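Encoded as structure tokens, the structure appears first; notes follow it.
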Amino acid sequence: MNIKKLLEDVKDNNVDIDSALEQLKDLPYENLGYANIDHHRRLRNGYPEVIYCDGKSDDHIIGIVEKMNEKGSNILGTRCRKETFEKISKLYPNAVYEELSKIFKIKNEDIVDNGKGKILIISGGTSDIPVADEAYYTAEFLGNRVERLYDVGVAGIHRLLNNRSIIQSARVIVAVAGMEGALPSVLGGLVDVPIIAVPTSVGYGANFKGLAALLAMLNSCASGISVVNIDNGFGAGYLASTINKLK
Amino acid sequence: MNIKKLLEDVKDNNVDIDSALEQLKDLPYENLGYANIDHHRRLRNGYPEVIYCDGKSDDHIIGIVEKMNEKGSNILGTRCRKETFEKISKLYPNAVYEELSKIFKIKNEDIVDNGKGKILIISGGTSDIPVADEAYYTAEFLGNRVERLYDVGVAGIHRLLNNRSIIQSARVIVAVAGMEGALPSVLGGLVDVPIIAVPTSVGYGANFKGLAALLAMLNSCASGISVVNIDNGFGAGYLASTINKLK
Amino acid sequence: MNIKKLLEDVKDNNVDIDSALEQLKDLPYENLGYANIDHHRRLRNGYPEVIYCDGKSDDHIIGIVEKMNEKGSNILGTRCRKETFEKISKLYPNAVYEELSKIFKIKNEDIVDNGKGKILIISGGTSDIPVADEAYYTAEFLGNRVERLYDVGVAGIHRLLNNRSIIQSARVIVAVAGMEGALPSVLGGLVDVPIIAVPTSVGYGANFKGLAALLAMLNSCASGISVVNIDNGFGAGYLASTINKLK
Amino acid sequence: MNIKKLLEDVKDNNVDIDSALEQLKDLPYENLGYANIDHHRRLRNGYPEVIYCDGKSDDHIIGIVEKMNEKGSNILGTRCRKETFEKISKLYPNAVYEELSKIFKIKNEDIVDNGKGKILIISGGTSDIPVADEAYYTAEFLGNRVERLYDVGVAGIHRLLNNRSIIQSARVIVAVAGMEGALPSVLGGLVDVPIIAVPTSVGYGANFKGLAALLAMLNSCASGISVVNIDNGFGAGYLASTINKLK
Amino acid sequence: MNIKKLLEDVKDNNVDIDSALEQLKDLPYENLGYANIDHHRRLRNGYPEVIYCDGKSDDHIIGIVEKMNEKGSNILGTRCRKETFEKISKLYPNAVYEELSKIFKIKNEDIVDNGKGKILIISGGTSDIPVADEAYYTAEFLGNRVERLYDVGVAGIHRLLNNRSIIQSARVIVAVAGMEGALPSVLGGLVDVPIIAVPTSVGYGANFKGLAALLAMLNSCASGISVVNIDNGFGAGYLASTINKLK
Amino acid sequence: MNIKKLLEDVKDNNVDIDSALEQLKDLPYENLGYANIDHHRRLRNGYPEVIYCDGKSDDHIIGIVEKMNEKGSNILGTRCRKETFEKISKLYPNAVYEELSKIFKIKNEDIVDNGKGKILIISGGTSDIPVADEAYYTAEFLGNRVERLYDVGVAGIHRLLNNRSIIQSARVIVAVAGMEGALPSVLGGLVDVPIIAVPTSVGYGANFKGLAALLAMLNSCASGISVVNIDNGFGAGYLASTINKLK
Amino acid sequence: MNIKKLLEDVKDNNVDIDSALEQLKDLPYENLGYANIDHHRRLRNGYPEVIYCDGKSDDHIIGIVEKMNEKGSNILGTRCRKETFEKISKLYPNAVYEELSKIFKIKNEDIVDNGKGKILIISGGTSDIPVADEAYYTAEFLGNRVERLYDVGVAGIHRLLNNRSIIQSARVIVAVAGMEGALPSVLGGLVDVPIIAVPTSVGYGANFKGLAALLAMLNSCASGISVVNIDNGFGAGYLASTINKLK
Amino acid sequence: MNIKKLLEDVKDNNVDIDSALEQLKDLPYENLGYANIDHHRRLRNGYPEVIYCDGKSDDHIIGIVEKMNEKGSNILGTRCRKETFEKISKLYPNAVYEELSKIFKIKNEDIVDNGKGKILIISGGTSDIPVADEAYYTAEFLGNRVERLYDVGVAGIHRLLNNRSIIQSARVIVAVAGMEGALPSVLGGLVDVPIIAVPTSVGYGANFKGLAALLAMLNSCASGISVVNIDNGFGAGYLASTINKLK
């Protein structure tokens, strides 16, 4: 569907308003053949467009960026290989890359912080940083105040307790941990805000690529905790933003 | 720690206020030998006390109820066998039992709705009702406006779409589903509020007691979704309330 | 068995026709030492010969192509490395390669569309295309009318519903999806034709290389759905063809 | 929605036909509170209504039967406890129960065989009969010619080969097997019709409740095979009917 | 080997002492036909004899008790059904039963505390008590000073921290926890003594009968922790005793 | 096929002997409707007929026994409930039941020991006896000399080494063990005869119903070992007999 | 132990023969520091020495070969990288390499066929050849008559049946198959000799690296079958030889 | 926190001792932004600082080494890539690297053996050496007398029994084994000291990367055994040291 054409038709009285409304309700997808781009959310709430790059060819990614950029949207790309970014960067010099978290950002509009509080990203260890940073940059790009507190895992409980005031100042917490995944359980006893637990695939042996942390988080004896997929920093940052923006 | 004794000491000037405050901060546990009851949350925010009955003897459960009742708290018991409830009921005639969800409630104080919006509990099928109801009664007892929409699974997508206005009126959604667990993914495309996905053990064969639904929900291609443990209606209701009460 | 010898015997009246027929019924295998080529199906119904290339050496693959080509059959090769195809291409210049799906085709006879209806290949996302295309080219080469509808996953339910007329025009549907694998369940509520579900290994974390989608599809609450192996586009295309050709 | 009321409104010219059509398209669900009955399929194609009884209370099952019976539909109930059936039987004396497969049937209309060929149900062993019979009675009740061939597992390959003519007379085959689940692979080499494989939980030890047979069937080296959930005789019978009725 | 006969031979000078010693070194087993009782350890170090009752018939258990009692050993029975104990109790009135942990004890000799320090048994929740008590009574019966600290799970971290002095007074710690199994990790940061982690099958859903806690404990980010089998309180108590008795 | 009819035809010269032979070669199955009894093996080699009772109704089992008994075969039934045996016993008073292994035997012919050596059944513990005995009685009934050596698990290695002469006297060894399943590995270092390893489901916690022992046995570092299904004493006894009878 | 020194002592009458014999019985290991070479079996029965190369450094492998070669043994190396073999080949020009199965052989003595019959290696598909050949060369090198029958999987049952006479001429069968692993079950119905089943990791998707075939083979409904580890051609060849050499 | 500054404040009477003590109790962490270094243990007991290098960037590792070296601590790095070590080596020429176990060591202080006995590291095979050596060097660096006994797996039981005196001289045993993981069970029957079992990922096929050995060790029928994570040589060496230093 060509939205512009439709709006012109409305203006020219070729299409009446009700009928236009109907067409608009279900159809803000743009069909590229290999992909249906969803301009829906952005129209409604100023959200950026997001591309999950993993498993897509460079040509497809660039094709999608192109279409999105035409709308003047802010664009966020996750799991982006460095080589792919370098191609994007040549075409869009304002593109920025975060190496650890493999995120790229193209900012065409100012990002407005319209969250109601602060989102806190906590990681258990140094090796969890790539996932934690994916959550951090996602939430930030979606228009939130975000803070980081890293390497405060439960085996040194005082590292965590000494930061109690920072922890208790958050409206939403994203808790990122690998290995035994116990961080959210301890946090759950310290605060009353929602905690989004992100298991990471950090560890070895009977960790089974994050399964150990995932199961631990699902079985947390604390309340107020829910879990996203292993290594899914983006999902956690997105959900944190959704909660933080609730009126 | 004996809280009463402490307060008397304060009154009698045997203990100064700062020192009492210090003692109170970390210690609102009451030690029954076999259990440490946490009066913490209630003191702070009027939350009821919750007992997870499964795996506890009747004597232990009743002992805990007794101590909680002394405080005049509202009490919520989950996974409570009917026989256990009947014993409780004799001692506390104001106790109420919800058969499908195996929840009992003792109401000593009025429940104040201090949530900011409405929580909606959606179930995929009729067989998911016990879990969905556990979420429903939990959220209600914690002081929220809660609504139910049952048996609207994705294999009959119109049942879901026809209820779009109800769905879009919620501030938080709890989506309960067994089998292929696809309900949250479809909902994720319809709303922008947080969705708490609850996999149930409903199904057979390669369902593996809820594993199929759990994995599906963790892998949802929609954003704004997080997951709690299989059949954990209580956890979903509690988290929904936490989110709904965010200022 | 030596087929030539048998036919000579028939010619020389050493073997009568009935007896020769009997011998031929079960034995149209050609023994290459490392492989028994089955010319059976083609003799009966004009089907092409199929080579599953993965795990076979280039020499073996080319040896098999050679023998098949001698019969003048159409030849379909799946999971073929590009380097292998290049060797084949030098020997058989009419060979064609589909890069995404890693299929090669050698067409020695015209392909007759003798299916009774249309096969529709639907994919949930862009990353599922390699598998979806394997199904597409397989069904096409086996002599069917085939159509593609890609990137219409359930998280944007309207992308799917807007294509209802295409979906309802098919005689058989192949539904290809990774992640939570919910696509077949939603389709199952929209049509009354057989749906062949193909889980893909697309996704990460608790996807466990396609296990999440596989289990979801096996547990679908919709009727009329069956499942093939993870990433098995060929199997789905073949079965779709079998169904589409039922008189 | 009250369909009757709508139709009266049409008759009385209170509602015009187009608008009524619109309402009818998406809404042939009847809301019982705990269940949304789908009268959709039957309206369209004379299919019976189906109740999956497992996990539903007797009261709910009877309530649903009652509503369905009011429409004069044929009713099929699967996984029905004997005690439940006895209650149904008192209310509906024409109800019939198949003990092994735990199916009940209420026949209010004649069943028309409108399939194009014959469905054959094959089982590997005697212990697979409950699942095989579930497929048999389902396909039969949906209006198909169905035949059974039981206890012809692959360890005695001649039992199978001796029945080649029966096997080759079918338009669709349902192959039910537990243990190593090899039956569909052997059948796949003997026929060119679609084979629906049903793994059963028959076996012990490393069978892991049907997992062994399920994996074997998904990995079949034969073509033309797809798989349904463990012990899902109903799903196989339903899909077989769908294929058999393709024009 | 008949030990009695051997000793008589020694007494009668039919066998010299060295040769008898040799025979005795490897063979202090008593063959009951269905069981080889090992009197080895007790001879060496005064340990009691232990019977793992689960999966043994009452007759076998009583037969073994009888033989052990003849030696005047102390006897410990684990996983003993109450009915079995009642039969034992009639024959050996000095037998004592611990209901929660299903342990029975027959004390024929005084138990000497020859450990070097104190063993502390810590449990995460009330429902872990049966397993924790199995460890407690085992360690006690083997001759150790043992203390219990129950229901101090990590979701209420202050319950744990408030008991720091008790925790730091132990020479060996047994940490018993179900659900997310995080207790040993937190303890590992508080003490420098060996911690034996016991996962319990307490929990539901994605707990998978203790698998979640088992994996978490194996993946602990703290040092000084090792793990025994799920619910294996006996094994933990025995190992704790072994460590506590090291000179 | 009707065997009787065939033989009459032979007698009446309606069918010549060669042709009858041909028909008989592949078809010694007797079709009971619910079961195809295989008289094949017995005709060839005097083997008894075997019924796997688990999952079959009493009526089916008795019907099969009846047909087998008509042939005068020896009959072996495995996994037979005691109640079922009691019904059989009334009809066939010469039937004998082994309680631990749940085997019944009907002896109509003398059992000839035509094995070439001795089969030794070794069990790790007392709780493995039901499975070990299933192997023992199976091998014995098939006509072999069989010996038992029980409760000689690897944690008391001398129990095993002291029986070296018995162990080295066997032609085939069946090694039955649960828990860590290490018995076959140690045996593999002591003998040069084939060892058939049988994992049992004895154990708890992370035993996962015999999975631990199964995996251990499959990964044995010793040579000359192969494995049958968990708890499959019958399979081990049968295979041991097959090997022992090799000329 | 220094064997040479011992033999000199015997020669010089410093040690009597009985005592030397005793010492020799348990100790034919040669300690290289990083490995204990076992010369035991060869001393007894002329078996070659075997080196499992995978996971060992080239230096270690060559060091072990050196020590073995000093004894004049025949040497068999499995899972040997080609680069490693090339180093060996320079030092021992009589070394021979089988590329597909990655086996190397050094023949210092004639291989005597002292088996009693023929071993037959059967593979389901062309891709199973590396594993099947490992079994073939192992059995051959251990001194057996061995034959190969490849690519006769169950989906083309006549390929198998047409080779019935070869199949029935074997004394032991090694059946190698990936995917659904059904080959041994069908063979089990055709012969009465022991069948050693080898699951291979050939396949994709829900094959899970050979798990599907492994489970299928363990659950075979045929008798006389046992299973070795996934891809363990060596183990199967070794066991086949052990059985074939039974007197 | 800046410890030096605090101490100066104390010296200058700017901070009183009680208050300084309070600050010091919980806070010996040094915050590098990406990591919180814990100087706690070393302050207390002279332990070296340990860096788990896997998953950390070279820059981070070197940054941490730098901070630790400033304190003059001994430093142990595990799972260190050779390339990383070479960078470290240039900066700290006294750094030493153990290739097989990938450990690096920087010794700034003398290591004092303050253990009470000897730690023995036993491995089942040659391929387990990398993990066994990780335990060896860890225990040694922590200040213990440590001995090694390698390649004494259970399939050659005499290799083990011949070393009985070495085995019985240890105060703590670390038993490292892959494949079937039976080594600890046999050791458990020979000694009365604590055994720390380390499963390795050595093996193939149904070993599933160490799962087989892990499960076997958790299910050991011997007492006095506990288990650490797969391939976790460091954890075993650390725990062995903890036990060996118990007064």
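First chain written, first letter: the chains are A, B, C, D, E, F, G and H, and each begins at residue 1.
By our rule, a residue touches a chain if its C-beta (ideal position, glycine included) is under 8 Å from a C-beta of that chain, and two chains touch if they have at least 3 such contacts.
Just so you know, these numbers come straight off a predicted model, no measurement behind them.
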Seminar exercise, completed: Under the touch definition above, the chains in contact with both chain G and chain H are F
Exercise. Farthest from chain B in C-alpha centre terms, which chain would that be?
Worked result: G
Seminar exercise, completed: Of A-C and B-C, the pair with more C-beta contacts is B-C
Exercise. Expressed in ° and rounded to a multiple of 5, what is the rotation angle of the C-alpha superposition of chain A on chain H?
Worked result: 90
Exercise. If you average the CA atoms of chain D and of chain H, how many Å lie between those two points?
Worked result: 60
Seminar exercise, completed: Whole-Å distance, C-alpha centre of chain A to that of chain G, is 54
For this session: Return the distance between the CA-based centres of chain D and chain G, expressed in whole Å.
Result: 50
Problem set entry | Shared interface positions of chain A, touching two or more other chains | 156, 158, 161, 205-207, 211, 214, 218-219, 223, 229-230
Seminar exercise, completed: Contacting chain pairs, sorted by label, are A-B, A-C, A-E, A-H, B-C, B-D, B-E, C-D, C-G, D-F, D-G, E-F, E-H, F-G, F-H, G-H
Problem set entry | chain D - residues contacting chain B, complex | 26-27, 29, 33-36, 38, 40, 54-56, 60, 199, 201, 209-211, 214, 229-232
Problem set entry | Complex contacts: residues of chain E adjacent to chain H | 41, 44-45, 50, 116-117, 171, 192-194, 196, 214, 218-219, 223-230, 235-236, 238-239, 242-243, 246-247
Exercise. Hey, which residues of chain A end up touching chain H in the complex?
Worked result: 126-127, 129, 150-152, 156, 158-159, 161-162, 202, 204-207
Seminar exercise, completed: Listed in rising order, chain B residues that touch chain C in their complex are 124-125, 153-158, 161, 179-182, 185-186, 188-190, 203, 205-208, 211-213, 215-223
